[in-house]
Structure formats: C-alpha cells, structure tokens
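Here the structure comes first, spelled out in structure tokens, and everything after it is commentary.
All chains are identified by letter, namely A, B, C and D, in their written order; residue positions are counted from 1 within each chain.
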Amino acid sequence: MVLETDPRAEPETIGHRVKSALSVPAVAFFKLLDVPFRWLQRLLGIGSMPYLFLLPNLAFFGLFVIVPLFLSLGYSVTGGTNLYLGERPYVGGEQYGYLFQCENYTDPATCREDRFWKAIFNTGVFVFFQVGFMVLFSLVTALILNREIRGRGFFRAVFFFPVLLSPVVVALIWKWILLRDGVLNAFLVSMGLDRILFFVDPTWAMFWAIFVSVWAHMGFYTLILLAGLQAIPPDLYEAAEMDGTKKERVFWRITLPLLWPNMLVVIVLALIKSVQIFDEVFVLTGGGPGTATQFIVQYIYTTGFANQVQNFGLASAASVVLGVVLFVLTLVQLAVTRRKDEG
Amino acid sequence: MAYFLRKSVAAGVAAFGLMASAALAETELRIAWYNDGIEGEVMRDILDKFEAQNSDIKVTLDVLPYKAILESLPVQLAAGEGPDLARVTDLGGLSGHYLDLTPHVSDPAYWRENFGPFLNWMQPVGEPEQISGFMTQLTVTGPYVNKTLFEQAGVNMPGENATWDDWAAAVNDVAKKLDIPIPMAWDRSGHRVAGPAIAMGANMFDANGEPALVDDGLKAMATTLYNWHQDGTMAKDLWGSVSGSQYLGANEDFANARVVMYMSGSWQIPQFAEKIGDAFDWWAVPAPCGPAACTGMPGGAALVALKTTEHPAEVGKLMDYLSSEEVLNEFYGRTLFIPGHLGLAESGVDFKTDDPRAKHALETFAGAVPGISPVAFDLQGYVYNRVMFNALISRLGEAIVGEMTLDQAFERMTQDVEKEIAEKRRDG
Amino acid sequence: MALAQTTASDRSVTAFLTRKREGGQWHWTDVFTYIYLFLGVLLMFGPVVWLVLSSFKTPAGLLEFPPTLLPLGQIEVQVEGYDDPLPLFNVTMEDGSVRELAQIRRIGIMSQMVDPADPGERISVPIAAREPIREMRVAVENYVDPLERFNFLRYLQNSVVVTLVSTLITLLINSMAAYGLAIYEFKGRNAIMLFVIGTLMIPVTIILVPAYLVVTQLGMVNTLWAVILPGAATPTGVFLLRQYMLTIPKDLIEAARMDKASEWAIYWRIVLPLSLPAIAVLAIFSVMWRWNDFLWPLVVLTRNEVYTLQIGLNAFQGELDVQWHYVLAMTVVTLIPVTLVFAFLQRFITTGIASSGMK
Amino acid sequence: MTEILLKNVIKAYGTVEVIHGIDLAVNSGEFVVFVGPSGCGKSTLLRIIAGLEKITSGEVVINGEVVNHIPASERGLAMVFQSYALYPHMTVYKNMAFGLENSKMPKDEIDRRVNEAARLLQIEPYLARRPKALSGGQRQRVAIGRAIVRDPKAFLFDEPLSNLDAELRVTMRKELAALHAKLGGTMIYVTHDQVEAMTLADKIVVLSGGNVAQAGRPLDLYNRPQNTFVAGFIGSPRMNLMEAKAVANGSGYHLNAGPQTVEVPSVPGLSDQSNVTFGARPEHIEIVDEASADVNATVELSEQLGGETYLYCNVDGLPQLTVHQLGQLPVERGETIHLRFDRAQMHLFGADGNVIANGISE
C-alpha cells in the first residue's frame, strides 16, 4: 500500500512495538474506568471533576503524611514513650522549652540539649558549603557538557549515574574507599604520604560528607542547568561573536543572566534537600567524630527512634521546628518561582 | 518486555496470595531473628527437626537486620504488632512485652534450675518469678591478644591478675618493637567499658538501687581510656569516629594483625576462627584487673516469647524443645557460643571446632563467668542499662575527640541518664 | 567567583599554549574541558567500579592492605600424604634462595613447610620469610551463598512487585492530581498547590513513628501494601507532572471537549500521552525511590516472605559483625537493575529531565 | 439544520465585562463571519457558542433549546481552532476518528466517514501520518476534516487561516467557500481579516469592544456602513474618513476640514454647525481637472500594480487619502493632482459616529 511506503509515515521501531504491547493493558484499564467517571461527570457536573481527579492522591497523602504530621504535633506536647497519643501524658510546651533552654545561644555547650544545637549549627555549615559547591560544580559541569564535545551523551550519562544510586549505597561505596585501609589511603601510602584517618578528623569528616552528597546529586542539578543553557538562543552567542566579545565576558554578560532562573531553581531545590540531609552522611560518618557531622534529621531520628527510651515527644518537637524551617524555605522557593513565572 | 511484565505481575499476584494462604494450614510461629554469624543456619536445622516432630506447628525464622531488632521491634511491640518470639539484646528494656512461659512450659523447675541467673535479666519490673526465655548466647566481655606478635617481639604476656596498666605497657612494647599501628583497641560500646569500670570500683547504682553512673571508679576507667587515646595506646578510629552510642568493632583490624590487644568479647570466636584461622595465634586472655575486681560484663542475646503471640501453648512447646539440654548442646556447640545453660556450663559443651585457638578462647571466657562481679550482673539485669551505656559511650566519645572536657562529659552523662529515665517514668 | 579567578590567572598560560599551537583555535577552556571530563569520568565511575571489583574478593582479601585491584586468592596445592590442599608460599631460605613451598601448619612464629615436589621432607621456616603465592580468584560465593542461603529470589520478587505496583499507582494518582491542578481552574486550587509544595520536602524520617501507627491501624503491617501505599502520593511527582502539563496547549483540551470527549477521556487519551516524557521521568524516579527504599520497609516489614531486597541485604549487618563480602556483593546485585534501566533509557531519562525538568 | 440564537449575552471576567449584551441570530445553513479587530470579543463570542466559556447572563439557544448549562461536549457543535489543535500523538486518521469514538459509533461507520472526509479534503495519502509530518495546509484540512466527520449541528471556525501563508490562505478560503456550498451546514467563522469575511460570509457580524457594530450581508456592510467603525473596518484599502464641520449654505452645506471645503447638497439629518465625518472609498475618488476638483493633492506614493493603481496623496488639512484607479496611471511622486469625491458614493456620519447618509444625491 501507498501508506506503508511513505517515507514520512510512522516508522515501526522496536520501541514503538514495545510501547504498543505495554499499552494494551493500560488502555483496557483506562477504558474500564471510563464508565464510572462518565457517570460521575454526568451526575456531579464538570465543575467537580478536578476534585475527583485530586481525590485519590489527596486521600493517600492525607492518610500517610498529613495525619502523621498532626500526630507529630500531638506527640510534641506530650511526654513518655507510649506510642498511642491518648495514653501519653500532656506536658504542654515542656519539650519545646527543653530544646530552647540555653544559657547562651551562640554556644551549644551551654544548652540543655546541646546536641540539638550542635546539629543545627552543623546543618548550617553543611548547607552553606554543600549548596555552594553543588551549584558551582553543577554549573561548571553543565557549561562543559554544553560545549561541542564528542560523546556528549556519554559524559552526560556519566555525571548523572550517581543520582540513581540509593543513599545507603552511595555512602557504602565511599566509606569503602575512605576507610583506614581503603583504596584512597593505599594511594596516599603508595605516594609516600601518611595515611589520613578521614573519619577521625572533624574537618575531613565534614568535607567528605559534603563531597559525597555533592557527588551523588550533582548530576540532577547539572541537567537542569544544561536545559537552561540549551534554551539560550544561539544567535545571541553569534551576535556576541560578531561583536568580538571575549568568551569570559560572554559568560558573565549573556550566559549567566539568562541562566539565572534555572540557577534559582537549583539553589532552592538544593537548599531544601540539603537541610534534610540524613541517610548518606549517617551511613558514611555515623555523625562523627563526636558530633561533628550530626545533622538535624539524625538528631530527630536518634532521639525518637534509635534510643532505648524512644523519646517521641522531644523528637517531634524538633521535627516541628525543622518543619517550620522547611516551610519558610518552601515559601521562599514559591516566591522565587512565582517571580520567574511572571518574568 | 511484555512477557516479562506479565510474568512479574503474575508473580506479584502470587506473592500477595501466599500471605493469605500460609495462615490456614497449621499453627505458624514467627521468630524475629538476627545473625552475627551462622547461628541462623543452626537454628533453622534445629527448627526443622522440631517441625518434623510437631507436624502441626510451622516455625518461620525471620532474619532481620540487627537495626530492625534494635529500632523497629520496640515500636512494633508498642503498637501491639509483633512476632511470637524474638531474639533480643535489650533484655530489660523490652521486658514489659515478654510472655510469662511458666504456665506453658512442661517443667518450670528445669528452667529455674538451668537458666536461673539469666531469667532475672528478662524479668519485668515487679515480676520476679516470670520465665520469659533463655539466652541463645551468653557473652562475656574480655580481651584477645595477638600472641604471635608477642612471640615475634619477644615480649612476655602479662599473666593472671595483671592490671590494665600492665597490659597497656606490654602491648605498647610489642607495638613499638614490631611497628604495629594500634597497640590496643576496644569496641566502641558502653557495655564493653562497664566491665573494666566495675573492676576499677564503679558501683553503677546508689544505695537505693537508683542508677548512679558516674562515680570514682567509672571516672578512673574513663580517664584511663581518655589518656590512652591521647598517648596513642588506642587509635581514635573507633571511639573518635561516629557519634552517639553507635557500635564500632575493631575485629577487622585485629584480624589483619594491626592490633595487639583487642577488648571485645566471646562472640568474636566463630568469626575469628573463620577469618583469621591459623594466620596468627589469636588468644583470649582473662579480664585484666582493677583495684575492685577482675571482671568483664556478661551479656548476650535471649530468645524470648512475646505477649503478641496468639499461640502461647505452641510457643511453650517450642521453647521446651529448644531449651532442652540436648538441643542447646547442639546449638552452642555448632555456633561456638558460650552456653547460657548452667547444666551445660558445668558439664561442658561439645564445641564443633578443631581450632585450638577457638577452643582456648571458649574455655577462657566460659571460665571467666564465675569471676564476674555481682555489680556487673546487676547492671546487666537493670531495665535501663542501655540508657547508661549510651550516655557513657556517647559522652566519652565526645570528650575523646575534644568537643568537651572529661569533667563536662561526666556531668552530661549524669544529665542524660536522668533525662531519659525521667521521660520513661512519665509513662506511669 | 572561583571561575573568575581561574579566568584571570590562566590567561598567560593560555597565551603560552596557543602560541605553541601556531594559529590553532585552542582556548584555555578547551584544555580545561578535557581534563575536567577525564577526571569526571574517573571520579563518577571509579568508585562504582571499585565496589564491583571489591565484591568479588574473599573476606580475607577484603581485609588486605594495601588493597589489590583485582580479587586474588592464595593458590592451594594437593600434596601427597595430606588430605586437604595446602596453601602455597614463596619462601626466602636462609641462603637467600627462594623456594615454592606448601605450608602444613604454623606453630607460633615458625611455619612447617613441605616441597610439593618432594613431600617426604619437612622444612621449618620463620613466618616472616614466607610470602603467599596468589592468583586471581573471583569469590563468586559472595553472590551464590546469599542467593542460596537466603530467600533472595523471594526478596527480589518482592522488590520487583513493590517497585512496579507502587510506580504504577504513583503514576496513576499523581498524574490524575497533576491533571486536576493543571487543566482546571477551581476553588482551592492555589491552596492545594501550596500544600503540595509545602510538603514537597518532608523527609519520611521525621514522621516515621506516627506513619507507622497509621499503617498499623489500617492493618497493613507485614504486607507489601504497607510499603506500596504510603509513598504513592508523592508531592514531587504531582509538582513535576503539573509543571509539564501546563505546557500542553489549552486548545487541545478544548478541541477534545468539542470532540465529545469526557473529562476522563481527555485525561487519559490526550493529556497522559502528551505528558509521556514527564511521566517517564517520574517513573524513573519512582523506580529509583522504591527500589532503594530502606528505612520505611525496615519498620513495617518484619516477615521473611515480605522482605524486599534492601532489607535482605542489610540482614548481613549483625549486632557485632558486618559480613562485608556479602554486603558488597548484594549491593552490586541491587545496583544491576537500576544500572540496566539507566543504560537502556539514559538518553530518554537525561533529555526527559532536561525537557520536563522542574520548570 | 441548525439555528443559533444569542439573547442579551453578557460575559464578564470578575468585574470586567467583555461582552456587553449581544443579541444575534444565526439562521440555519448560514455562513456567518464574526469580524473585528483583536480584543473585540469575537473569539470569546465563538467560545461562548461552543460552550467553552460560561456566560454571565443571557441565553444561548441552539435549535430552540437553551444550552447555557450544557457542556461543550454535548452541544453537538464542531470547532476548528486557530492552532488547529490537532492531537500530536495521534495519526490523521485517529485525529478525525477521535470524536466519533467518543460517541461510541460503530467502527465501520467511523471508517466510512473518515475516508469520505479525507477524500473530500484530499488528505487520503496522509491518514497514517502524525500532524507534525504535515504541512500547514494539510494540517488545516485535517482540522476541518475532524469537524466534518462529526456531522455537527454547526461548524465553528476560530481564525482558521491565520497561520497560513498568503497564497495558501487564498486557496483555502476558496475551498472553504466551496465546502460550505457542498455541505450546506451552519457555519460561524471568526476572523480579523475583512477580506475573508467579505468573500466567505452570507452574513457578517462586525464586533467592536464587545458590541455588535453592525450585522448584515457583506455588500450591505460595504455599501451602507452604519457607523464610522464599520465604514473604516470593511473594505481594503480602508475608506478615507475625514472630519469636518458642516456649515449650512442655502441649498446645501459646506463641509469644512481645515482649509478644504467640500460642497454637498442638503441631506436630511445633517444640521448646521455640526461636526461630521465624511467618507469616500478609494475607488470613489475621481481624478478630475482643477475646475471641478474638491481638493488638490500631492502624490506621496504611487503603487503601480499593472491592472490598477493606488495613489497615496497628501492634502492640506486632511489625513492622507488613498485613491484607487483602474489601469495604469502615469503619475509620479510629488505631482499635484485634482480629486473629486463621488457624491453618490459618499458616506456621512454624525458626531456620534452613526451614519447620516450613505450616498448623497446631487
């Protein structure tokens, strides 16, 4: 038939065949649901359809996130170790008071709950450097991947690959490398240097905590920035070239300003992610040495969960504090993206 | 792709179906278990034999990460969810959830006779007569040394009744001569420190039986440990890394002949036998002495029956079987665990090993049991002992890395213990 | 900032380089690019390769320092008169010559050796004078043992079921919600959006206990549903899909309405197919999340038959001993599916994220 | 056949009213074109009929039935969108069949209808293609085909030709006209291009600022615009509109615009000293000798198209005048010519913009 030989007709690729094979049960499923939804649409009218579409997601979300959040709120004003809220004695703001009981807020050692404040301090340091390096390296990598280089797809894949690994695996891999007898120390020794006990020195431990989390997530942010770079119209660069603008100047004057919206997204996302850091660092350094890499989520986890006396009250109070911080950050993000939408 | 999808969906349906059908046929008992070595395999063999004799009971061993036993199980039990039996290490902390087996076992007297002192560890407050379970493993803390290194260095090992200071001097000597990086290593664990602290005169409790962690004895031991970390007797790798109460062992460094003396416990025997073999002579030595005693800490993991079970009679039957002298002899013998059964301890377990080092170590640790200080037994039996261990190790760790002074650490230890126990007591 | 400094300081170097190339168009950034890419590949892939290599080492091999690149094992030989094979050593004799001897046993700091060629004679040498002879030996048992001893196929199956079912559910309900938020204007839309974004970043860790309580009350503990359902309604997914759906021309929706399509039909016949790139990205993320999920399954799954691979894997971490050889091997096992999926779909994933990407 | 009525239709977004009470009748089988500048509300009005916009008040009646609360999908209308709105993931065939599948039509009937429409629109060879593999004109046909197969009560077109190049637009326009002749259905067509409106419509509705400026047959609008808006909007090039003051002059009036004066006879409705606008289409301005001229003009630009000539002339005190002449005129830039407005074709509007007279008898 004419249709088959038409060069512009749909090609029958393997991918296409797989897709159609996969779509058979899916189509059947959606068709099946068509009947009740049509009925509901007739019954309730179009105006209520959005609520209907939102319902399943909100139901799950409410059940498994919102209800627990409120339970947390309840825990935070009660004491003891009982799991059931009804059986826990009400203590009012005592848990919060306990968290904030300090002689001198600039020195965690003077606080009643010194670890909470150290965790906040550590999280601050971590977030500052981690987000900074994350943005810097994502940007450099994106700039490089945006160049005309051979095997760009391969390199893009290489930088993205760690994003797929679970936090536990990421930490295990690096722990395995950084141990006293790990391959990195073997390398140092073979170069005639002394071993470094990376997890004994607080600075090194913090360094590796930052390094490993940047390593693991950089690929994701790189892709966002790369998308932004590729969206910059090439004629702008051509115009700059015609003007004889220096490459460095092109970067500062054209690339960076036009990339700014994506940069903001990266910064905000990285920031929010960074505040919640837990698994990777916990497996990697265990929060040590001492409390040098103990972060706020780890504090909550150990207080409420991993202690013999499971202090849900105190942990929940700390969660609420963290929740407020995250909410503020989210509002910042919202403001940022809102402005971006308008601009 | 489509085929694969269909198959996995079919498999998924089967998976959901199976959970439903398993409950129908027979009484199923579930044991929440964790493994340090091969004990899971041994237990499975024993359970197979039990099932052969009791065709109406099926026993499933759910091997979990230890983390789950430590962290998830308490929450599950608190929520009223849980297995029929569990292998636990927080003997006192979970004691409120244990089932009293007295009406369900055939001969409670046998239990009292053979497991007497350990039953106390598992008794809930105010239930002095309860039978909750038995020790799958009795552990005794104590040091190992790399005897081969001593021989190579030509240094004599300190003999019986040597103090910790004697040992410190000797291992430093060996390390210096042979250029061994770590003269001495201790597990990063409050439980490990408790024994030597008691040896130094720590009492752990005040006159009213209330916990009183920090006293002169404990301060003496803690100070010694602190100094050892400063002068290089101990490496900061273990105590200086990680935070809080997290456990870290030096077994790999020891197995790699990079540690002269390693303070750990009897549970290392099976894996040393496997990993080190005859590469060098790893030698268990009696607990070094302090002014008050020469003692380690007893401890271990117990198999306990839980209140969440719906089949107490079958649980009793299973426990009867498992606790019999014959079965325990096989279990301890194959796992190379120190028996938690007084009869077997007396008659001697038939350990299934040809390794003279392992045999010697087993004898050493088993022989140390009678010499354990009563304070150590009391501490092991105390419900909130882990609160004390955790406070001890986390604060001492922070002092060693220089985040606080020793005195501040002592103060924080006391505070931590008070705070947690106060929180617990709010439950009423 | 750092970039600016390199820019300034490298200019002289660049000038030097370009002069050498005589009119070549080399800019310092070209050199930098290739160095960066080379180091990048090393740094990004190296650790994973090292993990895979390590996973084939024996427990003793893992302890070695300095570590060898490839898994090695000591050669053992069968010697006449001895039942078990004996390990082979290179022994430096007192006269300085080196002989290949098999060790019978070690006593203290001396070792009893025998020459495999001449089993009659026993030789006693100090242990410091011997060096094990090794060959490459792949410890396949690290993989085989757990797969045999533990019910790993069952764990694998559970993981696959959890991953697939929860990804399907996530895709369905997230896309429905995103559709509702993207296509309609209705009362409370902004509130719900704020709500979704507000909870975008709540880590499960901090609601672990109350969430467990909810799951218990629903009677889902120790069923795969306990893992599948709670994470199904991801705010990230809703957010990502909605942003993508906003780019679908409104005309198409209206055309479909004119074509007598019901709202449900518009959703699944028009919007879903057109959102495939974003849906694929969410699918990948969901597969990643679910496949790698650890803390939550650890809390709600306590029975063997419902373990996922990640829990099975961690069962090798005991109280007092971590069986590293198994942990590493099983880590590699859990890596394989993710890596395969990525290898086949990487173009799709990377461009998908870039195009749908968090606009 | 379908008749559509709008009764006092008002549409407001919040407090902003964009359609101010429109009454309109679309007769059965009629080709009605909504025309007007952008923002006049013509697309909104179309979408109101389609059911894609809710109205604030008033009634939309289709075949005697008030459809205010009937959703778009159930009004039985078909719409062709400006962007064509072809489903990019479906083939041409699927695109056309989609609507029929939704109404659960048997497969062979769908097949018959799609093939028939494809034949009619000459897109048979492309049925298996996706829209992105089609040219603009082909997409346009598919969009129309999608409407045709439905056999709708009425066709709605929302600026369907605006994305095509000029040549194709002319072709498609003709085809649309032919199509209407063949199908005979009721069609409502929105455009901002008055040429399309003139060529296609049975009835043109000129919209301005959310009101109907005038509705009627194309030549009626051309010949008898009811206000300056319609006068200026219909016809290309635009009608020359000039503001003036009418001064009575015995038998008639002087229309004074700056230094220029145009004499007109007495017209009913025109009063002394009133401000008026008078209009003359380019083809209704004659080049005459100086004696009979109304105004003298300087040629600013002369467009020689061969068959016809456009002159753009500057006249002191008046806006630039466009003059249309048949044939080729040897007029050069800067030349002075003498112009006279054809009184019979002259339009006169009052100060409120409404017409006083279309054509003044001498």
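Criterion: a contact is a pair of C-beta atoms (placed from the backbone, for glycine too) under 8 Å apart; a residue touches a chain by one contact, two chains touch by 3 or more.
What you see is a predicted model, and the numbers here were worked out from it, not measured in a lab.
Two chains share more touching C-beta pairs than any other pair, namely A-C. Taking the mean of all protein Cα atoms as the centre, the chain whose own Cα mean lies nearest is A.
Note on chain placement: the centre of subunit B and the centre of subunit C lie 32 Å apart, centres being C-alpha means. Averaging C-alpha coordinates per chain places the centre of subunit B 91 Å away from that of subunit D.
With centres set at the average Cα position, the gap from subunit A to subunit D is 56 Å. With each centre defined as the average position of its C-alpha atoms, the distance from subunit C to subunit D rounds to 64 Å. Shared contact sites, meaning residues of subunit A that touch two or more other chains, fall at 46, 83, 181, 305, 310.
Shared interface positions of subunit D, i.e. residues touching 2 or more other chains, are given as 71.
Touching two or more other chains at once are residues 70-71, 75, 79, 252, 256 of subunit B. Against subunit C, the residues of subunit B that register as touching in their complex are 8-9, 11-12, 15-16, 18-19, 22, 30, 32, 34-37, 41, 60-73, 75-76, 79-83, 89, 148, 151-152, 247, 249, 251-252, 255-256, 258, 265, 267-268, 271, 274-275, 278-279, 281, 301.
Considering their complex, residues 1-2, 5, 70-71, 74-75, 78-79, 90, 93, 235-237, 240-246, 248, 252-253, 256, 384, 386-387, 390, 397-398, 400-404, 408, 412, 415, 420-421, 423-424, 426-428 of subunit B touch subunit A. Residues of subunit C touching subunit B in their complex: 59-60, 63-65, 105-106, 108-109, 127-128, 149-150, 157-158, 160-161, 164-165, 209, 212-213, 216, 221-224, 298-299, 302-307, 311, 314-321.
Touching subunit B in their complex are the following residues of subunit A: 18, 21-22, 24, 79-83, 89, 91, 109, 112, 114, 180-181, 197, 199-200, 202, 205, 285-294, 298, 302, 305-311, 313-314. Interface residues of subunit C, counted against subunit A in their complex, comprise 2-4, 7, 27, 29, 32-33, 36-37, 40-41, 43-45, 47-48, 50-51, 54, 63-67, 172-174, 176-177, 179-181, 183-184, 186, 189, 192, 194, 197-203, 205-211, 213-215, 218, 229-233, 235, 238, 262-265, 267-269, 288, 291-292, 294-295, 310, 327-328, 331, 334-335, 338-339, 342, 346-347, 349-350, 353-355, 357-358.
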